[in-house]
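The structures come next, written out as structure tokens.
Here come two complexes built around chain A, the first alongside chain B, the second alongside chain C.
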Partner chain A sequence: MRPPIRDIAVVAFGQTDHTRTSDEQSEVEMLMPVLHQVLDATGLKTSDIGFTCSGSSDYLAGRAFSFTMALDGVGAWPPISESHVEMDGAWALYEAWTKLLTGEADTALVYAYGKSSPGSVRDVLTRQLDPYYVAPLWPDSVALAALQAQALIDGGHTDEPALAGVAARSRESATGNPHAQLRGSVPHGDYVVNPLRTGDCPPIGDGAAAVILAAGDRARELCERPAWIRGIDHRIEAHSLGVRDLTDSPSTRLAAENAGAFERPVDTAELHAPFTSQEVVLRRALSLGDDVDINPSGGPLAANPVMAAGLIRIGEAAARIHGGNSRRALAHATSGPCLQQNLVAVLEGEDQR
Partner chain B sequence: MTSTAQPEVLRAPLVVEFPFTRSLGPVQSAFLSGLRDRTVLGVRTGDGKVLVPPVEYDPVTAEEIRDLVEVGATGTVTTWAWNPEPRRGQPLDTPFAWVLVTLDGADTALLHALDAPGPDAVHSGMRVRVRWAEEREGAITDIACFEPYEGDDAPSQPVPHSGEFEDAVTGIVAPARLDYTYSPGGAQTRYINALAERRTVGERCPSCRKVYIPPRGACPTCGVATEEAVEVGPAGTVTTYCIVNIKAKNLDIEVPYVYAHIALDGADLALHGRIGGIPYDQVRMGLRVEPVWTEGGRYPDHYRPTGEPDADYETYKEMI
Partner chain C sequence: MSKEPVAVVGIGQTKHVAARRDVSIAGLVREAAQRALEDAELTWSDIDAVVIGKAPDFFEGVMMPELYLADALGAVGKPMLRVHTAGSVGGSTALVAANLVAARVHGTVLTLAFEKQSESNAMWGLSLPIPFQQPLLAGAGGFFAPHVRAYMRRTGAPDTVGSVVAYKDRRNALKNPYAHLHEHDITLEKVQASPMLWDPIRYSETCPSSDGACAMVLTDRAGAARSSKPPAWMHGGAMRSEPTLHAGKDFVSPQAGKDCAADVYRQAGIVDPRREIDAVEMYVPFSWYEPMWLENLGFADEGEGWKLTEAGVTELDGDLPVNMSGGVLSTNPIGASGMIRFAEAALQVRGQAGEHQVDGARKVLGHAYGGGSQFFSMWLVGAEPPTR
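Coming up: the complex of A and B.
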């Protein structure tokens, strides 16, 4: 990958506690403390921010243009330079990163939120499927992940005990994450859709996250140890599940290659694998060995606020660098059924170049 | 000033339901018309692979593909997942297996349901065949499901097909329904609860001191939480308005009528409401109005003139 024209870093990251329901708060009420958290961390005011970009979904809220309500939380009057993606906030961060690359802004606020509690997220996610051949059958998100898990088992890439191990390791790691929804020992449980059990599935919950990006010296002013984005890329595969090899993720591998992930080893990887079986796919696609600390936050198996969980992976990876716990970290976000679309970012501390 | 104690959360069912109407391209039209006539079609790519279900553009090369072939109604399971608790809208209402099936003659797999007695009766590599729906209309659900197939005949080869059918299907209607339980959050709950007591309560921004009505919990200028409850009105001033000439469905209001922005006394934002008790062509900017509550109503039905002299333009020009 060609080196970016400007150095851009994540300089602050904040997230809510992730909870099963949050019906005492509207989206903007849930989001606002997180926005203030990242602004306070950098000393920036909303009026100082050069560009704002968010990710969320009307289908979770059950209302059209639901993101416009959340805009109240960022001080959108007088008019600001703003954009929204109907996607996970990781893609909003990608848009903000390109905006900063153009030089039109030096700082960007990126946020994402999702409340799964008002609806049934397993059913809601069916609406992103092919409307002609697939959506009329209402295959829910667990069912599709289970097809992928069985393909991995048939292919000899994993088995049910190994999947239980992924779940246990993730939730054990989450004991160190005060924001996580599921922590510590969680029963592997009954089958939801075989071969996936409750323990293989992410918790359903509500939450929000925000990061601030800054370019060059501005980043050094705002953060003691900025998490420099050395590369970021996203790729998508065919919509139809039946044309894909569900045991592999060529889009993740290509995005990682373009982001420079394979140039030097990473010490940390925050993977957006909502299902245990998907971690198996991603580890293979990214060639991650046992020496890499995978999802030290607990990952999406500990907290999976839909539309924010991918941005949180980038935020968690950045926070490890901010705190000096990582020198070079990989962050991954996914969207669509069975890891259809994947984004990979590589983050480093200053001393690593 | 009154405090903003946390009220009990309001909740209400919210159903989003729509008939998703879509037109079909030539390949999709042929495929779904075929299903109606118990024929499964695929499409051949430039490098000779047969895609079932068929698409109009090669997923690898993006090349336009139109070379239709007929494939078998029997096939092989490539992966599966046992669904012990079927959900609304799914193909079967008894436990079943989700399957990806590569039909005989095809190189890719179709997602559908397999009717089987239990997970022990299902495995990758098993042979299955289409069970057709009794009534077929040109939709993926014309395949009711798959069922285990014991026959030992050799898998068929794809044969060319014109893709032409009598009365070809050119569109689908896919009904969708999602159920939610809507909660408006803190600020709006406080507002709605106060309305039920025939009080209109906004919230003041701690930074710019503006009173927002209805409050949504944040000041859009300052980006901070509004926290101080402020009772406004009941009277207010029409800042601007429009005359509605089209009768809305399920709305029992005679047209034409006036819909207006109303700046309640003490508020820094205008809310909107219907103006009644005055002929529509006599409503004007500056008109002083007050809310009218119907028996048992939880919110004002409309606003009517108070009889006061019109407000001076200077007093409301900031709120237009």
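Coming up: the complex of A and C.
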């Protein structure tokens, strides 16, 4: 990746309270308050936004073109410059960042949402596996993560008490997060798939998030302390688990390198590690020491609305900078089984330049 | 600040057919990508990033297939983005890829769109029951037919125009080796005698259901300089979206389509599209959309589009050829259809469209739309590098 030619910052972030079910709400109803939250925070109207991009999944919604209804909620009239990725919202933010870099827009609205509650998310996620050789066997997301966790234990990188410690720390941190679904003292529970217990797994829940990006002086006008994106990159690995070393994440390391994460130490890291064992992998790949505050929001172990959880990591990291609680933060998002695809963004306050 | 100019240096398509039972989804996309690389005289290692698009995941029954396709598209260790903007997705995907180059994030990007409709049933993929919403059990034709009827009533177009478009596009397809439908015995009478499906849309005025993929290699100025073949240069590109339904919506000529075209023309410095643009690859899944979009895109005044069609202006040897490749009416792997329009536009200005080449095509528009006529993506490509 070449150095960015334009300074772009996260200037606003909003998210829903994440809940186990949201039967009484449509996706649009869930999303609307969040969109208004970020627009109100910046004083912008939909018609002021230069580019809009969203992330979601038809498979969660159980219908084709599910994002079209959400667009109606955005208020796309008069017509807007808009796009959608069938990915976590973190990648929608990446597309928006690219658009702002071209100079064709100065502000961007990015949003993502997901409702896991209407179906069985463990079964649904099996549909993203190789459709001919793997998906017909229905290996679910917890079983695949358990393979990875066992490989880490066998390799001497962690053990079950250490994993329990990750869960406890995350949910303790989540006590300060009013949006979290699981917080405080949560029993580590029985095995779901050995060696992963309920406490090692993310809660299943519904939620949405939105972010506003702005370039240069526009960002300074809209936010007292913009969270500047110093670098952002994402990389994908092979799909088949048989050809990957599940104890490592070379794609995360490469993305972090390209995002400039290793140039100077970060004080905060928001990691999209839905399973405790995956935090172990990411810490190693990112060379994060004990002095880095990991997932102060509680992370995905406290709330994991699929398709929005990665964007929330960027939003949470930015919010720490907005609030003066971080000078340089790393945000990470993941997609696919066992951390197949990873995105890393580095955010800084102005004084770090 | 200035953007990096974007050039198309490689184009690859599969031969589109009803069912490619000889390849997996991975095999299908690999075939198109390999052809684009060969055309560009590049290898997998020259590609910095991959941007892939397709229409709904339910069409093949694979959720987020980019994960499974990473290996087949040489994306391992690289960035890979997956775009989904309904029927306009093939065009949007190319524009997202182009922005990576324009923003100078990457030098050379592979972009690809596909649909392997034979793996599933597209009609029912679009017709899953949704709580609290009107079911759309008739597929796309049932949705668009009333809007065609509205166009006819509004403009007084004679009911023969739709057949003329279909007859032209199917004849053009005979000159395109990659087109799905090759109806060698096609006649205007046969089109007019075909069964009425959704009045006024007849069977032969609708698109087929295809398996296929289309890929392009996009690169920066330095990449274009290394290319031994003439590149196609991007002079403008834009996306516009509006809601599916709202009180002010004009389904016959949506505002988002007009705005999108206006943005592209502004970027490209086009003042009079009818005079300055040499040919158009237009997203026409039902024949009547040719005259409708001629007006929406500013090639004809309101109510006048059908007159261009009727007068033969849009024929391959006409003054403004439309869908030289045979268009969506002859080939429709839904997620790829928009990218095929963009790629065919690029083929024309590179002078590489073979039998369906328009002599002297210097500036050609590629157009795509989707959803309930609500998502639009377009690009204008030229034989010369942009000067603005």
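FYI, the second predicted complex is superposed on the first by the 351 of 353 C-alpha atoms of A that agree within 3 Å, B and C clash if a C-alpha of one lies under 4 Å from a C-alpha of the other, contacts with A are read in each partner's own complex, and residues count from 1 in each chain.
The working rule: a contact is a pair of C-beta atoms (placed from the backbone, for glycine too) under 8 Å apart; a residue touches a chain by one contact, two chains touch by 3 or more.
From a predicted model like this one, the values you see are computed outputs, not experimental measurements.
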Which superposed partner A:Thr98 touches (first chain B, second chain C, both, neither)
second
Return first, second, both or neither, reflecting whether A:Glu172 touches chain B, chain C, both chains, or no partner chain.
neither
Quick one: classify A:Arg6 as touching chain B (first), chain C (second), both or neither.
second
Scan A:Ser83 for contacts with chain B and chain C and give back first, second, both or neither.
second
After lining up the shared chain so the two structures overlap, which partner does A:Gly62 touch, if you call chain B first and chain C second: first, second, both or neither?
both
So, A:Tyr132: does it touch chain B (first), chain C (second), both, or neither?
both
Is A:Leu147 touching the first partner chain B, the second partner chain C, both, or neither of them?
first
Which partner does A:Gly119 contact after superposing on A: first (chain B), second (chain C), both, neither?
first
Quick check for you: in the superposed arrangement, does A:Glu350 touch first (chain B), second (chain C), both or neither?
neither
Share the list of chain A residues that count as touching for chain B in one structure and for chain C in the other.
26, 59, 62, 69, 71-72, 76-78, 124, 127, 131-132, 135, 238-240
Seen from chain C, its contact residues with chain A in the complex are 1-3, 24-25, 55-71, 75-86, 92, 95-96, 99-100, 102-106, 119, 125-126, 128, 130, 132, 238-246, 248, 254-256, 259-260, 263, 371-372, 374-375
Within their complex, chain A touches chain B through residues 23-29, 32, 35-36, 46, 59, 62, 69, 71-78, 118-120, 122-124, 127, 131-140, 143-144, 146-151, 154, 191, 193-196, 238-243, 246
Per the contact definition, I'd like the list of chain A residues that touch chain C in the complex.
1-2, 5-6, 26, 52, 57-59, 62-65, 67-69, 71-72, 76-87, 91, 94-95, 98-99, 101-104, 124-125, 127-132, 135, 233-240, 250-251, 254, 335-337, 340-341
Could you pull out which chain B residues touch chain A in their complex?
6, 9, 11, 14, 16, 20, 22, 24, 28, 32, 51-53, 55, 59-60, 78-84, 87-91, 98, 100, 102, 108-113, 119, 124, 139-141, 172, 174, 176, 178-188, 216-225
